[in-house]
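Pasting a structure below so you can have a look.
First chain written, first letter: the chains are A, B, C and D, and each begins at residue 1.
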C-alpha cells in the first residue's frame, strides 16, 4: 500500500501553551485513521494543519509525496467536513454542492450529473432544490460529506462531524460513512473525542494526549494492549488496582500473573470488566474476596459493582443469565482472567 | 402571579392589550393627523370635519423653504448612511471575528448613547465644532447625525457577521474559493439582511434628527424637522399635520420595503446577541 | 478579509480603534466642556483659558427659571419612571411566561419606536392632546415621555423575567412556598437587575427628552433641555457649558450607581434576547 | 409491602390532542419506578400530575391512602427534581436547601444540622456558602436531589434529572441515586426517555406510548419478554424478520421455534443481537445463510451486520475473540437461540 498522507515532526504551539509537538504519522491510501483524544489534546490542531487552516510552527505535511505545507486551503488536495455550520444557508443544496465545481469551471451538464450521483450516494436523492434550513442535522452533515466527495480529495478530513447528532443517528452515520469509504476507497482522517466512535470506525486509531501521540494501533490492539496507563484509562472501561511485581510474577492477593513487562515494586494492575469472573462464596483459592454493592442491567449484559474492601470498588460485566444468581450484599470471589500492568508513576 | 394570568387565558388578554396599546399610541394619533391634513373647516366637538380640502397641501408644497428642506434632509440622510456603511461595516466584520461577549459591549454602548443626555453631548460637540470651524457646515451636521447611529450601525451588522460561522467561510475556502470570493459569495450575502436593516434605520434616524441639527446646522442647514418647528409655531395645526405626513411617509415606505426584502426570521436572527 | 486582519493582530487594532472613537466622540467634547464651564477669559488659538472662574456657575444657579426647570425635570422623570414600572412590569411578567419569539417582537417594536419619525408622531399626539385638553399639562408631558420608554421598560424586564425559568418557580412551590411567596422570594429578586437597568434608563431618558416636551408642555412646562435651548440662544457658550454639565451629572452618577449595583454579567443576561 | 402511591384511571388531554388517558399504577413503598417513553408519550404529564403542577381531567391520585388530587403543589407530600434550573442563583447553597425548612419554621440549629447531613449524603460537604453558578451541572443536580431529600417526601419525583449531563457523569449519577435510594428507602418515580437508564435504575419500568401504558414489569422481564412490538422496538436492540406461524410452530427458513402465543399466518419475529450465533460457511442445517457486511467493535463486544438477502440486514453481537475469525464478505450461517413472535399488524 502506498502512503497517501505523511506528517513529519509537526509542531504548533499557541500562546496559551496548548498545541502539538513532534507529531509524525503515515496514512496509507484507502485507510480510515482516527485521531482520538479529549478536548485540548491537539487532535483538531493536527487536522486543521493538514487542511491548511493553521500554519504549523515546524514540520512538513506531504500528500501523495508532495509537500503542501505552504499552500492555502483552496490549493490543497484535501477536503474537510466540519463539526457543524458546513453549509451556506442562502444557497440551495444544488448550489452548495456545485459551488466548488463551478470554481473549477466544470461544464454545467457534468455538474448536474455529478451532484445527482453524489446525492444518491448519501441517500438524499432529489434534495437539489431544498435549502439547508429545510434539512435535519443528520441530512445537513450528509450533504457536507457529499460536497467533499464531489471534489475527489486525496485526503478527506472529518472534524467530529457527527458529534452534534443524537446517539442513534450518530450510530447510523458511522455505518454509512464506513460504507461510503468502502465504496469510494477514499483516504480519511477522522477526529473524535468519543472512544466508542473511534473503535467502531477506524482502520487505525491515533490516541493523543497533551499534544503528543500516545499510541497508534488497530482498534483491537489498542483495546487489548493499551501501551500506557493513559490509553488504558481512555479506551473502553477499565478497573485499576494496586499490585506488586516480583521478578517474573505479578502478585495480587492470592492471584499471580506473568510479568511480561519486567516491572518491579508497586504496580498498577488494569483489568477489563469483562475479564472478571464472579463466583458466589469466598472458598475459591484464587481471586479476591468482596461483596456485591450494586447491579445494573445494561442491555444484554449487566454491570456488577463489587466492593473489594481496601482495594476499592471494581466493576464487572456479567452475562445477564449469570446475574440472576447474584444478589446485593452477597459475598463473592472475583477472579481475573487477564490483566495488564503499568509501573506506578 | 402566573397562576392568575393562566386562569383567564393569558395569551388572548395580552394580544388584546397589545392591540389597544398599539391603537392608542400609534394608530389613533396618525389617523387623527390624516383627517386634520385633509380638513377644510372643522369645529371642535364634531368627530369629522365639515369640509375636506387640499388647501394645506398646496400651501406646504408651494413654500420654497419646505421643498428645500426636504431635499436637504434626504441628501444628509444619504450621506450619513453611506459614510456609516463605509466606516462601520469593516469594523463590524472585525468585531464579529473577535471572541468577546457581544451583549455586554452592546449593553454598555447602548446605555452610553441612549441614556446619556443628548443635549449635554450636543452642546459639548457644538463647542468643539465651533473651534474646528464645523458649525453651520454640511460636514458638521453629518457628523452629529452619525453619532446617533454609530452604535446600531456597528452592532447590528456585527451580529449579522457573527451568524456567518467561521466554519462556513472555511468550508468555502476548502472547496477552492479565494478569500475575496469567500467574502463576496458567502459572508456578504449571508450578512446582507442585517446590514440592510441597519442602513434603513440609519437613514430614517437621520431624517428625523432635530436636536443636534438645530445646534450645529443653524442657520443654513434647516432640515425637515427643524422647519417643522417653525411651521408649528407660525401656521395653524393643519399645516403641521400635512408636513408631519410628508415626514412620516418615507419611514413607512422604507420600513415596509425592508420588511418585504428581509423576512422576519432573517431580521431577528441578524439581531441576536450572543 | 479575516486573513488580513489576522496578520496584524486584530485584537490590538480593534481595541485601539475603540479607544480612539471613544475619546473623539465622548471624552474630548466633555473635557472641552468642563474647561469651558470654568473658564474666565479665553482667546481662541490657546489650548487652555487665561483665567479660571466660577462666574458662569453663579449666573446659572442664580437664575430663577433654571432652578425651577431642574426641579420640574426631576419631578417629571420620577413620575414617568414610577408610572412606567406600574404599567410595564406586570405586562413584562405576562410576556415572559408566554412562548413567543421575543427577539422578533423586540425588533419590530424597536424599528417602530426608533425608526419612526418622532416629530411626525409628536405632532399627531399633540393634535390629539389638544382635543383631550392635555396640552400644557403635567399629565400630557408625562404621557409623551412614556411613549419613548414603553418599549424598553417592557422588553428589558421581560428578558429578565424570562431568565427565571418556570422550573425555578415550580421548585419553590414544590418545597412549600405559596404563589405570592414564590414571586417575592424567587421571581422578583432574580429579575430585579433587569428592572433596575430599565428604570434607570427610563429616568435618564425622561430627563433628556426635549422634542415632545417642547410640543406638548410649552409654555408652562419648561424642563432642563428646553431651558437649555434658550440659554444657548441668549447667553455665551460658557453658560451653556455649565448647564450642560448640570444636565449630564445625574446621568453619570446614576449610570455608575447602576453599574455598581448590577454587575455586568447580570446586566447582560438581563438583556439577552431569545 | 404497602402501597405508597396509587394512580387511578388518570386522564389529561391537551387541546393539541396529546396527553394521557386511563393511567392506573400502584407504586410500593421504597420502590423506584421508571416512566419510560419517547417525548410526547405523556410520561411527564403523569409526573406533573402527581406533583400538583397539572390538574388532571379525571381520575384520582392517592399518596399513603389519601387523595391529593385537589391539593396545590406546596401542600403535597411529594418533592420534584426537574430536568434543569432547579436552583435559585441569587441564594447560596445553604439558602437554597434551607428555603423549604424555613417555610416549615424549623429551628435554625436543626436546619444547619440537617443541611450538613444531606450535603454529606450527596457527597458535597462544605458547599453551603457557594452559589449555584459556582457548581458544575452534576453538582447542581445533586443539590437539587438533596433539597428534595431534606423535606422527607412521601414520594420523590424525578423528571429526567440527568438528561442534560454528559454520558459519563450521567452514569455516575445513576449509581449515586441508586445508593441514596438504598440508604433512605424513599419511594421514587423517575421519568426518562433513555431505555438504558430505565433498565439500569429501576425496580419496575412503566413503558408508555401515545398516552397509555404498554407494559409494566421488572427490567429483566421487559428485556426478555416485551409484550408488544412497540416495547420490543423501544427496549434494547432488536432485529425484526418476517416469519410464518403454523399451529404450534414458528417457521423461519430452516429454523423452527415453539409458538407459545398461538399466532397464525404471517408473523414478525424479533431476535436480540446477542441471541444470534454466526458460524462460517453455509453447511449447517439450521439457520439462515448470509454474508458479513460490516463489523464494528463496541468495547468488549462487536456488532456484526449480516446481509440475509431478501430477509434484510440483521445485527448480531459477538464476543470480540470470535470476530477475529470473521471477515467482510464472508458467507456465514446465522442461527437464533431465542426468538419472540408478534402478530403482523
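Assume contacts are C-beta pairs under 8 Å (C-beta built on N, C-alpha and C of every residue); 3 or more make two chains touch, one makes a residue touch a chain.
Because the structure is predicted, anything quoted here is derived from the model rather than measured.
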item: Equivalent interface positions on subunit A and subunit D, same or different at half; value: same
item: Mean-CA-position distance for subunit D and subunit C (Å); value: 53
item: Centre-to-centre distance between subunit C and subunit B (centres being mean Cα positions), rounded to whole Å; value: 18
item: Rounded Å distance between subunit A and subunit D, as computed from the means of their C-alpha atoms; value: 28
item: For subunit B, residues that touch 2 or more chains besides their own; value: none
item: Two or more partner chains touched - positions in subunit D; value: none
item: Graph class of chain-chain contacts, one of line, ring, star, complete, other; value: ring
item: Of all residues in subunit D, those that touch subunit A in their complex; value: 174-175, 178-179, 182, 196, 199-201, 219-220, 223, 236-237, 272-274, 294, 296-301, 303, 305, 317, 320, 324, 328
item: List of subunit C residues in touch with subunit B within their complex; value: 1-3, 5, 10-11, 13-14, 17, 21, 25-26, 28-30, 32-33, 36, 44, 90-91, 93-95, 97-98, 101, 103-104, 106-108, 111-112, 114-121, 123-125, 127-128, 130-131, 147, 150, 166, 169, 179, 183, 187, 197, 200-201, 204-205, 207-208, 210-211, 214-215, 224-225, 228-229, 232, 237, 240-241, 243-245, 247-248, 251, 254-255, 264-265, 267-268, 271-273
item: Of subunit D, residues touching subunit C in the complex; value: 51, 53, 72-74, 78-80, 82-90, 99-100, 103-104, 144, 147-148, 151
item: In the complex with subunit D, residue positions of subunit C that touch it; value: 165, 167-168, 170-178, 181, 185-186, 189-190
